[in-house]
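Next up, some structures in structure tokens.
Here chain A shows up in two complexes: once beside chain B, once beside chain C.
Entry: the complex of A and B
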């Protein structure tokens, strides 16, 4: 028989602590995985701390000017005469990354849909393997290919775009040199982010609820109709997450951009012109011959890039996580 | 065993001319005569189905006269749902699935090579076992999803919306929150929303695959009322495991059984006959709950 507990005494009852005795194996395993998980976090904090302390002098001397001005002059190596500002590089990084996103986006959606809903099993297997392989190609290879093969081609495309759409400010140029422009770099980056963005997107599309897809078919919908009514709305956040993961990679890409972009210390939005910026490539190009002071400035630039990519990746993973919650 | 199966393969069983007109049909209020039974509607001839090499349905020939309700009953795994999905060509979505035989809709073969499958599915709608409204759409958008998917031009969408929701018995409950997500409704309401969605494209036939199996008794009764009203204008084919439901809603019943072999029809007849004086002992055992 059930007995009702008097609520007056219930509040005075002390709640028990729940505990358990863990076996040795469990304790060892628990500490092992905890240590593994913390290591990556600690390493990341050390990197951030290193960049911050090495660059601290620069931040103290230039303050916000470091991210809002575009002069990069180590002068005689004294902080009084030197001027450091990464605005052009920062803007350039974002501009090239955005170009990469815009170019990659239709290919990401189309290839994810094709692989999930149109390709035969065999073709899907082959194409997925190739795309996974694309992700494994070292970025220097992309850079070389972009420099040797794509740049001459893309310069021609850029000239055509400039000829017909030059009246739009971002497609205008001051000098008709279309080599090593943010456009060319963006195209190379688009190829590099395609595999990761596509694989995340495809994964989410593949989990689109079958019962809803069938409902769309049963209503007389075509395959495209079912995709539009069910798969695209369902996969929207997965697509955004995948693209942002790609954006994170594009922002941090160094060598492929260094080979295909002409670094110029001036904030510009003319994407076809042979002048652009990239924080990562700036660091790579200067670090060899940097004075101790400039080295500090490069560390500070590194921190700016680190924070930017961290924010983008954090945004991406939270969006992907939200998509996955909805799947479950 | 052979004799009973041979009998049921005979399509004349469902021919209304052979039916005594004064006999009450099932437990339904209106007689078949009032609902203009004719031989248009849906017919199947010698349907077989396979999944890979597994033969799941054998020689199913049934007629579904216009504006009648037919219940497909039988134990789990006997192929009723497979058969139902063949009636609007949803069977072929399963990669290993294959079929033989013919399905006629108003005399046209729906598996013919030059048939537009989407057009068939517009005429033969479907309500699934699990309510599956589109969660990204509002209640109103859900109802009108079919006409949008099929690019059907409708002059007065509001009145179509009201008509379909009314016929599905949902209008009163949702008329003030048509802009809310379809996923915000209860399970029973979602299923009626799915019925309204299927009705919006004006199908001739509505296939229902255990539409009430996930619902509470109250919602089930509401959906049965809806089926009653629909059958004035639409041909309904319903798969159900609930014998009382089959008795309540259907004019005709077909009893499927696989019994280790491909699923076959043991008996198909008017519902009152199947329930009160079945010719086959297995039918009697099944409808009285002695197996299955």
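Entry: the complex of A and C
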């Protein structure tokens, strides 16, 4: 009887075919996931294409003048009479972002070193968690605080700097009004880019070769000796990358700058004076009342900003990636 | 024997096991405090910030001087320590100031009805016992909900492509996500303004689309980190049992990384919840409580703050601080919740 059953099933059991081919379901699945993964690419292309085509008329009419002149006048809404140039805004964006970098730099280095080499393990854990939370503060709150709390203080500091260092051109002013200057928004931006720049730098510092640090100690070096001889040279590119990532952030920042900067269409390098520029803030401040033609100009300005931040971010992430690869 | 000995000597971290006597560490601080107090009284360095500045200068100086009692190396080391510690502490001052100001100035705006009333019959400058931000909370909730529905699946798919499909485009996709995370928020807003708003109207959906663009890279990157942590053995075991790749991904990999993916989503939401610039261009602001996502502007917490700020009168500014306080509380609780959920998986 057992034999009968055996012979009955034996014919139904066949060796499963081994196939290299994926099943239909899997092929559909792979296509679907690939399509989903390409969303970011598609969106980036759409953004670039749309801004380009909407702003095309402006680029054609003004050419390079769009980035080298600084008159912004929609006139009667016809392209013959209107004049659009973002030079002042572009320079202003870069000036405020550079101020932010210069101010943030020593704090980034000090904080990264402190967390990695001075704080105890427990303290480090707590502080890093707090810093992560601080990175989540939205820009509108930075702007609010920057305008109502920081600006009155910073205007006083600016007046002091102007009093003693006013003979240096960038610290000079024409009118003694220190509110809403690139200096003030630079300070706010410095605070905003601190968490990201700090975490990237700290990450690279933490990978400094331990044997070399021990060697520095073994030779009788102090903690600072080891840091200066090993950690700082090792982490230089990570620091540069972190600062550049911060720069990208600062260039694209809109609301915090809008609240703390007086937008003026004139290229100026007097960082303490109440006049500055920012491409991102220009877009946010003008879009509400823009005529169709001005809207096109704003799209063109958006494209300039998009390309600029893209370049900075690419540079930054490739530097960071190289710094991290070198370690492994 | 020698091998065992070699293995036992693990590299230590020399900067951690350093015991400093309390007296040695506190002496420069104490002297600097006294000097700073004197400077605060007799020179122009008045006020709390002046005192702090004076303290920083004197602390650096006393560290150097106290170190010189030993030798030059020690002196420079102490000076550097002062720089590092003070640099870190100084970076924290503004954040403390932000949190304190928010609580201090935002608190008066908050009363029982603040969360149940809207601003439809209340002006920005009316007394603080009237009106509220229920409309802004509702708007923010709806916008974030729609943005999540769009961005979370796409973000997880992007991560799954890199960790599961492992196609030729993995590197390319990663670069794209990276550069998408650098898109300025106002550009995302401008994009939706040009495609959606200029054709129809300011609306909640437009705002959600703009926020989805900003959310996607955060979710994709965090989710990728999470999915990488799923052990390769689980994948192999699933394939060995004859499961298809689709079944493996949806029924094995994603569920086993569930709490990590929830964390990724929450981080994405928290990252965009406070965005103002894109909403200014897409969903704008309305003072009336509404659940309609299309056809009309929709309020949101960041825009509530911005709107009251632009009015600029005393009560309006208090309202702005109140809104900012609520907004930050929301974001921080999202963040802490995300940490909590994520923390449980790691253990």
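Rule of thumb we're sticking to: the second predicted complex is superposed on the first by the 291 of 328 C-alpha atoms of A that agree within 3 Å, B and C clash if a C-alpha of one lies under 4 Å from a C-alpha of the other, contacts with A are read in each partner's own complex, and residues count from 1 in each chain.
Note that in this section contacts are C-beta pairs under 8 Å (C-beta built on N, C-alpha and C of every residue); 3 or more make two chains touch, one makes a residue touch a chain.
Because the structure is predicted, anything quoted here is derived from the model rather than measured.
Trainee: When both complexes are superposed, which of chain B and chain C contacts more residues belonging to chain A?
Mentor: C
Trainee: Could you tell me if A:47 is touching chain B, chain C, both of them or neither one (first, second, both, neither)?
Mentor: second
Trainee: With both complexes overlaid on chain A, does A:230 touch chain B (first), chain C (second), both or neither?
Mentor: So A:230 only meets chain B here.
Trainee: Once chain A of both complexes is superposed, is A:154 in touch with chain B (first), chain C (second), both, or neither?
Mentor: The answer is neither, since A:154 touches no partner chain.
Trainee: Touching A:219 in the superposition: chain B (first), chain C (second), both, neither?
Mentor: Once the two structures are laid over each other on A, A:219 reaches chain B alone.
Trainee: Of the partners chain B and chain C, which touch A:136 in the superposed model: first, second, both, neither?
Mentor: Touch partner of A:136: chain C, not chain B.
Trainee: On the A-aligned overlay, A:211 touches which partner chain: chain B = first, chain C = second, or both, or neither?
Mentor: Touch partners of A:211: chain B and chain C.
Trainee: Need the overlap of the two footprints on chain A, from chain B and from chain C, as residue ranges.
Mentor: Residues common to the chain A contacts of chain C and of chain B are 211, 214, 217, 220-222, 225-226, listed in rising order.
Trainee: Which chain C residues qualify as touching chain A in the complex?
Mentor: The contact residues of chain C facing chain A are 11-16, 18, 49, 73-74, 76-77, 80-81, 83-88, 90-91, 94-95, 97-98, 101-102, 105, 153-154, 157-158, 160-162, 164-165, 167, 169, 172-173, 176-191, 193-195, 198, 213, 216-217, 220, 244-246, 249, 270-271, 273-277, 280-281, 302, 305-306, 309, 317, 320-321, 324, 327-328, 331-332, 335-336, 339.
Trainee: Can you name the residues of chain B that touch chain A in the complex?
Mentor: So the residues of chain B in touch with chain A come to 88, 90, 93, 118-119, 121-122, 125-126, 128, 130, 132-137, 145-146, 148-150, 194, 197-198, 201.
Trainee: Hey, which residues of chain A end up touching chain B in the complex?
Mentor: Checking each residue of chain A against chain B gives 209, 211-212, 214-222, 225-226, 229-230, 233-234.
Trainee: Show me the residue ranges of chain A that touch chain C in the complex, using the header's touch definition.
Mentor: Touching chain C from chain A are residues 22-23, 25-26, 29-30, 32-34, 36-41, 43-44, 46-47, 50-51, 54, 106-107, 109-111, 113-115, 117-118, 120-121, 129, 132-134, 136-145, 147-150, 153, 191, 194, 198, 210-211, 213-214, 217, 220-228, 248, 251-255, 258-259, 280, 283-284, 287, 295, 298-299, 302, 305-306, 309-310, 312-314, 317.
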